[in-house]
Every structure is written in structure tokens, then in C-alpha cells.
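Quick one: the structure is below, and I'll ask about it shortly.
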Amino acid sequence: MYVVRPVETADIPALESLAAVTMPGVHTLPRSRDRIEMAVERSLASFAAQVDIPSEESYLFVLESIDEGTGARRISGTAAIFASAGSNGTYFSFRNDVIQQVSRDLNISHSVHALTLCSELTAYSQLSSFYVEEGVLQRPEAALLSRSRLLYAAQQPQRFGDRFFVPLAGVTDAEGQSPFWNALGRKFFQMDFLDAERVIGGARNRTLIVELMPHYPVYVPLLPGDAQAVMGQIHPSGELAFNLLTAEGFEADEYIDIFDGGPILQAHKHGLRTFTRSQRLRVRMAPAAANRGPRVDYAICNDGSDAFRAVTLSSPDLADCEAVALTPELCEILRVAEGDSVTCVRI
Amino acid sequence: MYVVRPVETADIPALESLAAVTMPGVHTLPRSRDRIEMAVERSLASFAAQVDIPSEESYLFVLESIDEGTGARRISGTAAIFASAGSNGTYFSFRNDVIQQVSRDLNISHSVHALTLCSELTAYSQLSSFYVEEGVLQRPEAALLSRSRLLYAAQQPQRFGDRFFVPLAGVTDAEGQSPFWNALGRKFFQMDFLDAERVIGGARNRTLIVELMPHYPVYVPLLPGDAQAVMGQIHPSGELAFNLLTAEGFEADEYIDIFDGGPILQAHKHGLRTFTRSQRLRVRMAPAAANRGPRVDYAICNDGSDAFRAVTLSSPDLADCEAVALTPELCEILRVAEGDSVTCVRI
Amino acid sequence: MLVVRAINENDLDGLFALASQVGTGMTTLKADMKMLGDRLATACASFAETIPPEERDYLFVMEDTASGRLAGVCAIKGAVGLTEPFYNYRIGTLVHSSRELDVFTKMETLYLSNDLTGSSELCSLFLHPDYRQGHNGKLLSKSRFLFIAQFPHLFTEKIIAEMRGYQADDGSSPFYEGLGRHFFKMDFHHVDDLTALGKKSFIAELMPRQPLYIAYLPQEAQDVVGQVHNSTAPARRLLEQEGMHYEGYVDIFDAGPVLQARVSELRAMRDSELATIAPDEDSVHACAPASKEPTLVSNTTLRDFRMIVTDSSNANGHIDLTSAEQQRLHLRAGDTVRTLPLGARKVP
Amino acid sequence: MLVVRAINENDLDGLFALASQVGTGMTTLKADMKMLGDRLATACASFAETIPPEERDYLFVMEDTASGRLAGVCAIKGAVGLTEPFYNYRIGTLVHSSRELDVFTKMETLYLSNDLTGSSELCSLFLHPDYRQGHNGKLLSKSRFLFIAQFPHLFTEKIIAEMRGYQADDGSSPFYEGLGRHFFKMDFHHVDDLTALGKKSFIAELMPRQPLYIAYLPQEAQDVVGQVHNSTAPARRLLEQEGMHYEGYVDIFDAGPVLQARVSELRAMRDSELATIAPDEDSVHACAPASKEPTLVSNTTLRDFRMIVTDSSNANGHIDLTSAEQQRLHLRAGDTVRTLPLGARKVP
């Protein structure tokens, strides 16, 4: 069994060993003990904070697996959400602009693709640091973990923006070379992609970006073929996240990362299934039902005011129901009792 | 009683007399007999067309009042929707860009507003030509007429884009002078606002716009105060349309008109109430019910495959209903029978 | 013997014959009777001063006085870009630096500009292959500077000359292939023809408007920015001797350099002088200084401007010309001429 | 008597006394002992050639040899913009035209540029009010051109001078009020001070990056683009006489013009000549031509460069200098000097 919950101080050692094995593409997951501790502390403070306007809060969730025999628990994944991207600066990205070109004299018309450095994603809420262990990749809990952030955001709208985005790692080769970086950022930074990511700490909100990156649109047809080919393409490690997010309602074509050209998925909350399709249902405590009829997977969370918890539930269709049947074990994990409300959304 | 329906050839004389009284701000409503005839013909062809990809279709709806005593009918309003804006060119608008400025050395941060000529609204579906007689201004039928276009679009998604926009006339004074134009377009066109609108025929998709309008962003703080003051402000004649559209879910801040600086409202269909909140209900034929309990106004339309019709209905809340009670008269107007489906959405 | 002179009404056939020799690459001199006839009419009106200075197009021909055959042509336009926009790329510099990272990057950029609007233009220089020898090329090219020095009031402050850009052996333009083709989606020569026909509004419509970093272009395209076509290198040197410089403007299609100068800083403005033709007497010949270098000599008449190159030189305001030379200038002893040493004085 | 000479280690107190007189408006010469000391050290290293040419800062002082007092100062920087970006606005032209509407609009634009990066700069000219008379101002300003003519290899192709821009009577800058204030949100003088302190990265951070149409600016701001401060007009004329021109670059804050020239086209490069100091004999004095105008004369030593103005002039490679003049130049008869007529030769 799995549960998604806010990170706790006790999780730090587990996160550290997790960080040791994560893939190179995931540049938003902290790696060093120090930075992990900072991230956990910041998350604890964020969950505890009274928030009127989203600011520097950052919420870190973990996916915990619970051995049904022994009750042993271990961390199997992480996912985070920043309340307001670039909150101590400006979040820079490239906007995909299409410039229409029409010539009356020549009777021709075509469009030219250009990348414009923009700060439009500033103050969006930013999803990041999504990672699950290999054993979870094919399970509904991967979707649960990704979506828990949005379930929490839907319950606590004052803590987040109306719009969300997720940068996914772009294509790099085995040596860590990024064709997009080599065609673009390198000309200004005069250093390798990984060195640049290191000096900037994976951030996209630093003054040095204004100082160094191009102020004028980059006409895509002028970029070398290999750089064009990877624009908006995900690193293979991001495929699961990409699929989960697009299924959720995120759209991929409007922005790309200024460093590696990876896609930035974004959406208004009105366009996200977690916000538009979730139901509030009453809890009906019941023993595990016999396996009758078709079942679908749901993500279910408690009301989160105290201690947010989310689990998956394989259940008959709840479409026209007013209550959902949960086993006593699930109720305990979710910290809910008969008659409490929970939020459900199909995975 | 009122009904919204597609325009018919017989409506041409009525439209002509309507055009004679419409206000100066509404520049998208055709005025001459020739142009009215063309618009009606184009609408008839559009409704009749098999459409796979939205293109040059333009659908014109009229609001018809029906005298309940005599049965006499007259046209009380119009509203149109273009399948794909700028379909024979590029639809130009100014995008409101906000440029974040942060100085590390000086520890200051502010944002600068700039207008960028863009073609992003090209291929959006465009609502236009909304006009109702004064007697209808305060009635729910005004909302019905505006919304009918979207009800039709929701039923026929293949005929329209996923995004919609509506340019509303900007501020001009009694002499037809536009402060926004005087500060901006005039410097390039070297002519009065109304003359420019005349030579360009109200269009926003012409080559001469590329030839004459500024290619670089206009920094708003550099514009004279009176021009800044009217940016995104509506001509008083557009207030009703503005209120109806923002209630529907349209957002006003991202684009303005390149000529008069009037607001351009836009939305993804996921953000529009007609798309997200409408219900499909079965028709239950019933005599006019006695006036029991609170009532709310609904827009109701038939399935539109043959002859689209929409009416208002004052009804008890239909939130959890599977059927809606309609009088035989309404059924006749909507061209539906007991057991047929209709689409309902609260006004 | 050769004389360079203002064109006149009788030169149309000769001009056409010359233009037929030009081949591709010079868009302003096509063998098209209608176009050439219009241009000739404008040129005649220019020398007659019946049209305003900014519309003028001073066309000069080099005539072989022995045969009456036209050996070359060159022109000065009063002003460019006043009816159709005149586009160039201007090369600018942007510095991107970050103290924090200790990075200092100097980038060259291309800006689409109409900065040269209103400049006078040297153009349409063509010398028939049969006459490509001796001082003929210099005479033809430099004649224009002597004309300007004689009539500086007819010209704007700035004078320019567009040089044909670098082409590969197969006639392709690496700059166009690296930049323009992405936006025009047609052949270089096709684009060139369209501009020759005056169909230039497509440039505004199709050209990228935003400044471009040159570093984005393919290396082959970067390498030829401001480089002339191999066959144009000698013409470029002649203009540079006269005080024209490449100041960072290039052609938007082939990136050929634009040479430019302030009229007041042309060598001809500084070094040309008026002189009187000495009487044709033996004593005078004896006193004339031994000429070190050939001299360009012109008359001072706008309408019948004529120029030759001679071995004599200006000595204290007098110059010794043979009667044949005087005849070619339509002058005689005692008349005034303007002189300019053919070669540039070396800066000490 | 006055001599302009390379600054040396003993001049710090005198320089400070001068800088104390400067007042606001000259950002490169503040009465700050630390800043002046650093600058003096750089200048000494420059004349000693112990730092590379692009880092050099040649500082000259005008000394009253009678009192030893410093009467003025001026400088040439080897290259600008190589450690911190050097920003200007460049004025360009964009033409918007539509044949369909028969509209042809020529618009001036401002482009933020670092185009002048690497140029040598004339700067920090200040003459003490007590000495503002006779040829002193010319001597001080023009001394730099004679230095460049003597040592052209030390300079880049382009030389520039930033002129203080127009200010209203109350000291405000109409250009800054119409443009910069919207982006910097602070006083003009505050911004000026920040740049003087070398804190320039805020320019990259806060300045609008996109080209601006000048027509958008308030009329008062448009009117002063390229206009100098009233008190700077004479200095501008001196530089223009030497061959420097306003070519469309202006200061980003006050729109004061940048004058520029190719080193090879400076008047001093053309008109300055070497000469030998004639022996101090009566016969020589008698033969010296009657001088029509004063002449600038310098020695030819980088490390101890010295220059005076004299009433003598260069006659066929010889110049007649009094023993006092020779002494001020640290020279004697038979030594070589470089001479330049003080006034510009009129173009005929």
C-alpha cells in the first residue's frame, strides 16, 4: 500500500539515498545533504504557514510504501510544488512565438518560429522534483503522487496561483551535452551546459540571465538542425511525468526552457482535471468489498487542513455517488472517519 | 417571447434598418445593403457547409422577438462568430507584455508594460457584431444572444477553434478621435482614426498593417497619459457585451486592439461556462407551471444539427435534474418534442 | 582616345549594347530597352536640372572618341530610398557580461535598417571587357568623384556605394543560404531579380524584423559578412582610395559591404583644384613640371560634363593640355578645368 | 608660460586641487583621493608602457611653468568597454511605407548598443577658470590629437568623445525625464553618479532593450537628442575642427552626442609634420617665414610627452623656437618636434 504525505524531518536520510540514484535529467531535485535539509525545512515551514498571497513557499510531498504484512514504510518517490515561481526574481523562459509572414506582391504566406525570452511564468505555481522508484513507474501511485500536489492546491487555493507550470528536463546526450545549449546559451555563457546549470543552481530567476541571455527573439530556422530537433523534446527520464501531466490537462507547446530547450507544460487551473473533475464524497467505512463488476482507479485525499494524505482506490465508478466506501485501513491512513469528507478524482 | 436563430435571407431588410441606428463604436457590424447581403449569404453557406477544419465560415445569429398575442416577429439583435480570425491573412493585435526589471546592484525591481504587435489570435474563433435593441439591454435575452454563439460552438466543435476572442470598441470622443490612435497609429499612418478604419475596412489582417505598424514593442510609460488611460478601456456602447463576456469566463487583460486600444477578450473553451457548465437534459412537455419557489434564468437550445434555436427559460434550479419542463409553445419554438435532448446553461 | 561624359539623348542604343554585355549580378543595368530608356530620360533631366536634386540620376558614359563606341558606364543617384524603402543590415555590437560569472561576451548583431535613406549613391559601374586596361577603370570610377567635387551642392552629406557580396564558385551566396532563404523560400537570383524590378515591399513583409546575433548563422554565412565578390575587389579598392569606408552596413541578401563617406571628406574634395588651361606655346611646355603621375581633368559644365586622364599635371593653377585633350573636354586654352591626381596621396 | 605634458607621480595633489574645481557634470574627474590616485597610477603605467595598450589611460596636465601650478587636465583612454559594457543609443532610421495607401513615413529610432566598444576615448577635459583665455583651451584639447599623430599605433581605428548633453536651466535633462526616468525611477544626477562609480550593470538590467521610435518621446525630449550642454558647445567645435563628427550615437541618459573619427582621418594625422628645431642664430630668425597663425609643437617622447603653442611655424621641416620654448619641451636645437597649425586649414 502507498500513501502520499508531506515530507517530514525523519525522511531526510531516505531522501539522501534516493538522490544518489536519480537520473541526470532531473535537475530540480536537491542532491546534497545540506540542500535536502533546506528543502525539507522549507516544506515544513510552508505547510505550517498561514498564507494569504503565494510567495516563497515550497511544498514537498513523498510517496511512502507500506508493507501490508510488516507495516514497514519506505520512501518511493518525491514531488514538489513551489507556490510562486521566481518569487525572489523573475522566472525566465522562452516563449514559442509564431510570426506570420504574408507577402501580397509575391502571394506567399508562411510562418516563422521564434523564441522570445520572457518572464510570463513568474508567479505561476511550479511543479517540480517529480521522481518515483522504478517499481512504481507502472502503478497508479505514480499518477497519485504527481496529482497530490494539485489536490492539495485545489483544497488550498490561497496558497497557489491560478496557473501552474512544470519544466521537464530536455534532451542531453550521454556526456551531458545539450544540442540546444550548444547552439544558444553557450554562445553567451561560454561554458558547458552542466557547468552553467551548476553555477546557476538550476535556477531560472537570476540577474545573470538578463545579463547574458539574448534580448532579442531567436529565429528558430537559423538554429542548427540538432538544436531544432530537441526543442520541446523531453529527456527520456521525463516521459512518465509528461504523460501524467498532459493527461491531467497540461499543455506543452507554448514555452520551453532557456537552457536545454526542454518543454515547459502549463495550464490554467480551469483546464486541469483535478480542479474540474474532482468530487467531494462522504466516507462510508466498509470491509473490503468482494470483487464485483468493473473498477476504476481513483486518487483520494483527506481535507488536508491538518495533515494531508492521499491514496489510490480501485473502486466501482463513483460518478453519481454521494459516498465512497473505504476500508478501516485506508481510513486510518487517510486519517478520516465515517461521515468525513474526502476528495476523489479518477486517475 | 424571444428566440435566437441563424439569420435568414428574409432578415436582410430588418438588418438594414438595424444597421442605420447602431452606434459608432460597433465597427464590425456591416452597414451597407451590399455588405449585409454578403454577410447573410456567407452565414447561410457557413451553416450549410460540411466543415472539417474551421476556415472562412462566419455564422450570423439574430434575436427575434415574438409577440405572444399576435405572433408578429421582429429582429431585436444580432451576434456573429467567425470560425477562424484572419483566415485569409493574419489577425494582428497588441499583446500586453510585462517586462520584469530587477537590478541586483540597486536592489530594485519593477515591471514595465509594453505592447507587442502579434499574430497570436490568428485562427482563434472570433465573436463579433453583437448588438441588441435598447429594450432588450436589461433582459436575459441579451445574454442568451451573446451566449447562443458559444452554445452552437459547443455543439459543433469541429467548426470552431479551441480558443475564442472578442474585440470590443475602444474609447473615442464625440469627434471620433481616439487618444490611443493619436499617440500610436497616427504616427505611422499619418491619418485620422476614422479614415484609417475606413481604408482598412475594420479589418486587422491586412498586409499594410505589417508595412506601417511598429515592429518593435511600444513601451507604455512613453505614451501620453490620455493614450495610456484608454488602453483596454471599452467604448460605453460595449459595456453590456463586456459584462456578459466576462461573466461567461472571457479574460480581458492580455490583448488590445492595434488601432483604438480597445480590449480584446479571450478564453480557452475550457474556461467558458457555456462549455463547462452546460447540462444535457431530456424534454418533459408540461403546461406552464405555477409560480412556486425560487427561479433562475437558463439559456436552452436544441441540438442544432438542423436548425439551431435557443430561448431563455425561467425555471427552478435544474442542478440535479435529468429533465426540464418546457411548455408546448417553447417546444415548438425550439423544434423539440417530449423526450428530445436540449442543452441548458444558467445565464 | 577616351572621354567620360554626361550621357545624352543619342546614347540609348550604345547603352543597350553595353548593358547586353553586363550579365547577371548588376541589378541596375539590365538590357531592357524600356528600363534603359526611362533611365536615360531621367539622366538627361538630371544634367538639365529640370527635376529636383533628390530625384536625379547622373549617368556617365565612357566614349571611345575614335569610333564613337561606348566603352563603359557609371552613375550617381541623387538620393536613395525616398520612394521605396532602402534596406540594409547594419552590424552592431552587443556586450553580454556578468561580473558574477566573470563572463564578457561581445556579440555582433544584424539590425534591419533604412539608415542610409536619402544618401547619394554611386552605382551602375560597368567597363566593357575590350577596354579593361591601363587607367580606364580608374578613369571611369573616379570620374564621379571629380563631378561631386565640382558640384558638391547637388549631393547630400553622405555618399554610398553598394558592393556585390561574396559568392561561391557555383554562384550561390553563403549569406543568403544561411539567412534569407529561411524567410524568402526562393532562390537568391530570383530575389535579386525582384528587387531589380523595384518589387521591394516583400522585404518588409518577409524579412525578420528583430535584431539577429551573427553568431547564430552558419559559419560559412558569418565568414562572408562584409566581403565583396572576388571580381569586385578592385572596384572596392578604388573607392577606398577616394576616402570611402566600410562602416558596418551590408546588403540584406548577400551581405556585400556598403562603402560610405561624408562628401566633405572625399579625397577629391580635398585634393582637386581648379586650373587654367595653359596656352599651347612651346615655352609653356618647357616650363611644365615633369609629371610624376597621371591627372584626371574635367571641364566645369554640368550639362556637358566631360573628363579625361592626362599625363600633364596642375602646376600652380595652370595645366598643359594638348589640343586633342582640350577638344575632348570641349574646352580651349584659357578655360577653367578641375584637376585631381589619379592616385591617392600617401598619408605621411 | 604653459606646457601640456604627460602626468607624473608628483601630480596627485595638483590633480586633486583641480578636480575640486570641477563641480558636478563630469563623472570621470571627481575630487576623490582614492579614485584619483588609482587613475594617476594607471596613467603613469600607460606612459611607461607597462600595461597593455587597451588598458591605458593617458592623462595630460597643463602646467603653469612659472608657478608649477596645474591649470588643466585632459585624457585619452586606450579603449572603452572592455571590462564593463559601454552603452550608447544609436540613432537609426526605419521607413514605414504602404503603396496601397500612398503613405511613406520615415521614423528615427533609438537602438541600445555597445557598438563603440574598444574605441579610444578623449575624456576628462578641464581647464581651471583662471586660465580660460587666449589659446589655452585649444592647446589643452588639441594636445591629444598631436599625441595621437605622434603615436598612432597606440590607438584603435576609432576615436570617440562623449559630449555632455543638453540640460534645462534647472539642471534637469529633458531626455532623461522623457525616457530614462520611466525605467530607472530615480533622479538624473543619481543615475549619473552611479555610472561614475562604475556601477553599470543596472543599465543592462533596467534599460529597455527593444528599439524605440523617437516619435514616441515627448517633444522636449525629441528636441534635445544629439544636443550638447550650452557650456560644452565650444569644446564640441574644437573637436569638430579636428575631424570628429557626430555620427548618430548619443548618451543613453542625456542624449548628448558622441563625436567620433577614424584615427587615420584626423586633421592631425594629415596636417601634422615632423620638424627640426633650428639653431638659435640671428640669421635663422631672419629667414623664418612670417607666422600667420600659432602652431602646436610637441616633442616625440612618449614617457615625457610635452607640448606648447608657439607663434613660429614649420618651414620646410625646420621650426624656430626660443630657448624658453625649447626648455618647456625638454628639447634643444637640432632635436625633432611634431608640429600642427593650431587652426584647421579651410577646405577650399
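Some points to look at:
By written order: A, B, C and D. Residues from 1 in each chain.
One rule holds for everything that comes next: contacts are C-beta pairs under 8 Å (C-beta built on N, C-alpha and C of every residue); 3 or more make two chains touch, one makes a residue touch a chain.
Listed by chain with UniProt protein names: A, B, C, D = Arginine N-succinyltransferase.
Small disclaimer: the values here were computed from a predicted structure and weren't measured.
Across B-D and B-C, the chain pair carrying more C-beta contacts is B-D. With every chain reduced to the mean of its CA atoms, the largest distance from chain C is reached by A.
If each chain is reduced to the centroid of its CA atoms, chain B and chain D end up 63 Å from each other. Note on chain placement: the centre of chain A and the centre of chain D lie 58 Å apart, centres being C-alpha means. Between the CA-based centres of chain A and chain B the separation comes to 36 Å, rounded to the whole angstrom.
Residue positions of chain B touching 2 or more other chains, listed in rising order: 99, 102-104, 207, 210-211, 215-216.
Looking at chain D, one finds that residues 94, 97, 201, 204-205, 210-211 touch two or more other chains. Contacts from chain C toward chain B in the complex involve residues 201, 204-205, 209-210.
Touching chain C in their complex are the following residues of chain A: 99, 101-106, 108, 110, 112, 114, 183-184, 187-191, 199, 207-208, 211-219, 221-224. Only residues 81-86, 90, 92-95, 97, 99, 104, 106, 111, 113-117, 201, 204, 211, 245, 248, 262, 264-265, 269-270, 273, 347-348 of chain D touch chain C when the two sit together in their complex. Residue ranges on chain A touching chain B, taken from their complex, read 89-90, 97-100, 102-104, 109, 118-120, 122, 207, 210, 249, 268, 270-271, 276. Remark: chain B residues 207, 210-211, 215-216 touch chain C in the complex.
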